[in-house]
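Below, chain A partners chain B and then partners chain C, in two separate complexes.
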Partner chain A sequence: MKKITCLLIVSFAFAMVFSTSAFSARKTIIKIGINAPLTGDIPKVGEGSKFAAMMWLEDIEKAGGLEIGGKKYDVELVIEDNESKAESAVKANTKMITQDDVIAIVGPQSSSQAVPAGEVANKYKTVMISPWSTNPNTTLDRPYVFRGCFLDPFQGPVVSNFISDEFGLTKAAVLYDVAADYQKGLAEEFKKAWEKRHGAGSIVAYESFTTKDTDFSSQLTKIIKSGAEVLFAPQYYNEVPLVVQQAKELGWKGPIVGSDSWGSTETVQLCGEACYGLYFSTHYAAAGATGATKIFIDRYTDTYGYVPDDVAALTWDALRLAEQAIKDAGKITGRIEKDRQAVRDALAKIKNFAGITGNMTFTEEGDPIKCAVIVKINDKGEYEFFKSICP
Partner chain B sequence: MGTIKKFKNYFSNIPMLGWLLGVFTAVLIEYYWGYDYISYYLGLPKIPALFGALFMLKDPYMIPGVMGYNLIVYIIPILLIAKITTFFTNPTAFILEKMPLWLSVIIHLICFYGILHLWAGINDYRALVVKLTMISIILTISINVINGYQGEFSCSHPGFMAIGAYISSVLTLLFFVDDKIFGAALLPSYLGPWIFPLTLIAGGFAASFGSLIVAIPSFRTRGDYLAIISLAFMFIIKSAIENIQFIGGARGMGGQPDYATLPVIFIWTMLCIWIIHNFVTSIMGKALNAVRDDEAASESMTVKTRKTKMTAFMFGAFWAGIAGGLFAHVLSYINPGTFSLTRLAEILAMVYFGGLNSIVGSIVGAVSISVLGEALRPLELYKWIIIPLILIFVMIFRPYGLISFKEINAKRLLRSKNKKEEGV
Partner chain C sequence: MESLTELFTYILQNLINALQRGSFYAVISIGYSMVYGVLMLFNFAHGDIFMVGTYIGFAIATLFIALFAGFLPGPLIFVATVIVTMFLASWIGVFVEVAGYRPLRSAPRASAAITGLMIGIIFETGILIIVGAQRLKFPALMETVSYNVGGVYFTNVKIMIIVISLLLMLALHGFIQKSKWGMAMRAMSYDFLAVPLMGVSINIIAPLTFAVGAGLASVAGILYGQAYPILDPYMGVLLGWKAFVAAILGGRGSIKGAALAGYLLGFIEIFVATIFPSTLRDLIAYSIIILILTYKPRGFFGMEHSTKLRL
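Our next item is the complex of A and B:
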């Protein structure tokens, strides 16, 4: 008994003395939090965010740290999983802010997590940039919350105008998931914009389903019978193939147009040739990109083996925005509350930030004014730039 | 084996009061010296929130530091102080023992809350985890009434929770907050925290009325069939809320004021434990057990099975509604997706892990699943392999949960442990 105790104490003391971290002074490390859905319903989104963040960190480490006011600081990423759950996102944000002392947070991606998590960030006066959340409530009345993408009230009219101008059609149908706030909001915005242009009754079919439905034949039959000329389908990447394939099987001939939720590479992998030739609105186009966007895409593809989707690109932009804001803040005092405030003020002032998903300037609400891109899925299954529409 | 026994024996004469005093000292040490001295010299970046589990899993180099911290801050002071102070904690416990049990329990609870408040106050993340854990305790105990004491398999708890959450949120938003849905506040906002319990109770009652939809078919069906009906009920509630536009639909509802503070939740949790304990030990509780074991036999022995089942359902649902209301005010945001299958899985895991037919078991289950879920956070995906594995092992070796069909005797727990006095 005694021997064991002695041995334990001695080994413990040794471990303490030789462990690298013992007795070292606390350094000022700049920490940036990533709140991403690494597990749960949409792990692909979380993976994209994580990979983009790791690439960003690699860049900073190569440069030997982040230079602020002539001094280099080490940067650390705190990546937290929000399990695609609202309360988990809140917990993750609270943990990162109060426990890890992050200076800014990037994420969560989906609105259902970004809205409650934004409340926490705002309460603790910490900058949060949600790269992908399109719900207006995320940033509404929250001076510390920003986003990296355009909003539904902008995207709806963009798609509506694109269809009217490009195809000259007047009768549209909409299929949306009533339980997904993203799809529902966007469907409403689209309907409003379309009816404004073509008059009441020009949406001939407005059909809904619920999350995890896989058979859309009854809705699609109604849509086909209604005499609609174009179908607007703002589904997520896991549902798009089902909708498109089933529509074609049932004899749908017209175009199907989607929204930024189509942006994942999985869409084409799952859908195959049925999706070739379709259009959707999104944040950036991977095929035929130039400049910094191309460099990012090539690097990501080389490292992780697939073309980055819009979430990865937006996360990259959000991180670069945070980086820019931290640099603009001028100096790091080590007092985290003060530094966070400085970062927030600097971020709000950023004008014409050149991101890989377009130039950004923030409005009062913390929403960027940026262009939407219409992408065509070409014959090789790539996302090809078709047209850019600016506000 | 012998040393463990000796060790246990050595500390066996410490009453609950002594342990509380030990923990209190530990928390004080952490509060005053934790950040500036102890964690600093051990090379930790901050005070570890959950006993350092997060640090250890993220960076194995910190393991010695974290172990040292736990040893210096918690283990040694707790054992030492608890042992040293037995000379006066035992007589004090003896005096408390002479008092009525409720008084003694309340004194202990106040001491416990003071320590908890101090401990959680060190870090907001810790406070949030404690709050959500206590809400889980309410949920788990309330489902135990239905799934444990009454022996049904009900899956509608997230639905009850959703009703409670939405009703109490609507009420607080309507009366005390200027918001976009309901316009200006109808009552001055300083009344809010005082009327908040009433809104919670309203949510609880709404949930228990909702539970009638499940309770009435439960007269005719049992087992799998009731599980399906209750599952359907959960989905009905979820889809109904999704389609009601004025409370936000699928977008959810936010902006609830921060009324669910730590003391509020603590009081509700204790109330819940006390009331449910009284309920299940009453005649009604015995009737519940009788219905579970043999419905026909108990009916012939004059147990009103209908009334029993209905009460149990409504009672369980009431507390689920309260938990939902508290949950909504902790998070300040709710959406129908929150009250879905994942939540159900979580609640069921807690109750079956902890133990059926036992309040203590429910507390153990709720605390361990919540804390495990938080502590294993850095493992990301592997967390969802480890927790289910633990659950599987519990099911294999203890099919009814860790602590099932057992209650802890408060009097025995709190009594003085002085062997001389025991002999008298």
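Our next item is the complex of A and C:
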């Protein structure tokens, strides 16, 4: 009896080995990894990434697969949750590269995760496109890491000039999370740009807090006392309502200006009327979009029931960039290292890619040159296009 | 650099900020102290009990506003929300005691302490699965009215938080000093071996203690939802740890100490950030606390015998 069981197990094992190898010989599946914060501090960002990716996959499946060199291949998405933690983002990238054999990775979204995760992708020579990370370190000296958006050294001056030109103010305060790469980097860029224009000492308060803090009253009291006329608050959507509400309760009367991290749909949902009338810089404005951007927005809104935020739009662009690069690579050899290299080389060569968030050509570093948009939150809580600032 | 009155209003403003922050630390740290008094262990799930209490408060507040907003006055809805939430949340406390701590009552202390952490993780993940990862906005139970008295800004919500926290602590004090149950709790913390022999069952007093602690935490949660209206499943972790620091600082098992230390912690945090660069806030604030503990290792009102017995 024991023998028979043994035999059965062995034959079953053989069958499994052969069936999988036969399967893989028949068809090569192209896998693309998505590294997104589905849980953790900014789950709405993860949701947008996932939804955009699913829409993209739907298109590919409708076309019967991805056509490369006249042959159609099936595409599979590997979606990993990075819990909006740096270490989980690194783990997710390592897993997708070494176990799932993905050809390219889209994500992580925020710089706090994209900077460390980019290190892994670069080490394993796998293309990673971060749609939303604006910190320069994400792509710096990493030939395999690209991004789909502008950089903080560009965004900082954009916001600074916008405030100076639009409001004519000269004394600014900054509030940032010292533990978030994105906020810290952008706060520094803003400070640099502002002081260049208005002279040293024109940043009258430069206050910080730590991730998960909810009480900013001492920082804001300090900011108000410093005589600042405008507050630059590059917080994420879960912090924006708290900052805005507490500032108003403490008697802040001036404008509060944000950055692209405000772009999530939930900023207004959580903040309510307190945020109406405020401005922030971002990648695209949903209200009043035209052409391909409008088609994307309408389709997303129909499918998921709300207007896509910039993360969704940028993820869409990043996936389409990856798609283009895989197509341009010409052929799939089935040897993953070689294919990854071919995709990387093709991606670096892409010129004037027409994305829904603007045209993209990569620089040597893997950063696209794009315009920023200043958005005003109007009286209905919509993100209204205010002006566009190009490099 | 500035006039004296300006400095005075600045200090007064920060005092109000600190009172609000301290109120949360005080009410939550009492939950740690009460459990320690009876069971001689720290319930590390308390921060997450606070979180679950806040979510319950959110659900009840949303429900009541939907049902009664038209014809009942705001304050009544608020009171009803507080009472129902307190009642429901105290069962969470009972659950934690019965499911988590009772089976391990004779186990080594470390196992019981770890149980608390596990229960905390179960609560976080449970809320994550049931409610989802998205942030929720706690509905405002009253219209916020801002006041400006000579340059000091405050709102009715802030005043309410400070006053209700004080009232809660006074009520608890009365309960522990005057009621039979409170007397049993005090007796238990005085001698947990002899008192059960007198017919006071630990199996009633322990869950009661957890229930009162959880009820208090849930009211803190509703107030927290009014001051910082963004809810997430991990909101209890940091606050729980800081309240735990306050409980130690106040002296293990001392409810008065926990309350005072909670306020002190709020003051230290706010004023350190006011005087020093805010980047150094936690570094300096918690160095001060280490310093205090170096000179007062038992905290402010810690009892002599508790160090000999346990932990």
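One rule holds for everything that comes next: the second predicted complex is superposed on the first by the 365 of 391 C-alpha atoms of A that agree within 3 Å, B and C clash if a C-alpha of one lies under 4 Å from a C-alpha of the other, contacts with A are read in each partner's own complex, and residues count from 1 in each chain.
The working rule: a contact is a pair of C-beta atoms (placed from the backbone, for glycine too) under 8 Å apart; a residue touches a chain by one contact, two chains touch by 3 or more.
As the structure is a prediction and not an experimental result, all values here were calculated from the model.
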item: Touching partner for A:L270 - first (chain B), second (chain C), both, neither; value: second
item: Contacts of A:D310 with chain B and chain C, given as first, second, both or neither; value: neither
item: Contacts of A:L38 with chain B and chain C, given as first, second, both or neither; value: both
item: First, second, both or neither for A:V115, with chain B first and chain C second; value: first
item: Partner chain in contact with A:L242 - chain B first, chain C second, else both or neither; value: second
item: Partner chain(s) touched by A:T210 [first = chain B, second = chain C, both, neither]; value: both
item: Which superposed partner A:Q219 touches (first chain B, second chain C, both, neither); value: second
item: Partner chain(s) touched by A:K91 [first = chain B, second = chain C, both, neither]; value: first
item: Partner chain in contact with A:D367 - chain B first, chain C second, else both or neither; value: neither
item: Intersection of the chain A residues that touch chain B with those that touch chain C; value: 38-39, 178, 210
item: Complex contacts: residues of chain A adjacent to chain B; value: 1, 12, 15-16, 19-24, 26, 38-39, 80-81, 85-87, 90-92, 94-95, 97-101, 111-112, 115-116, 119, 124, 135, 137, 178-181, 184-185, 210
item: Of all residues in chain A, those that touch chain C in their complex; value: 38-41, 43-44, 46-47, 178, 207-210, 212-215, 217-219, 221-222, 225, 237-239, 241-242, 245, 248-251, 266, 269-270, 272
item: Chain A-touching residues of chain C, taken from the complex the two chains share; value: 10, 13-14, 17, 20-21, 128, 132-135, 137, 144, 146, 148, 151, 153-155, 158, 228-230, 232, 234-235, 237-238, 269-271, 273-274, 277-279, 281-282
item: Contact set on chain B toward chain A in their complex; value: 3, 40-46, 49, 54, 61-62, 64-65, 67-68, 123-125, 128-129, 132, 238-239, 242-243, 249-252, 254, 327, 331-338, 342, 374, 377, 380-381, 383-384
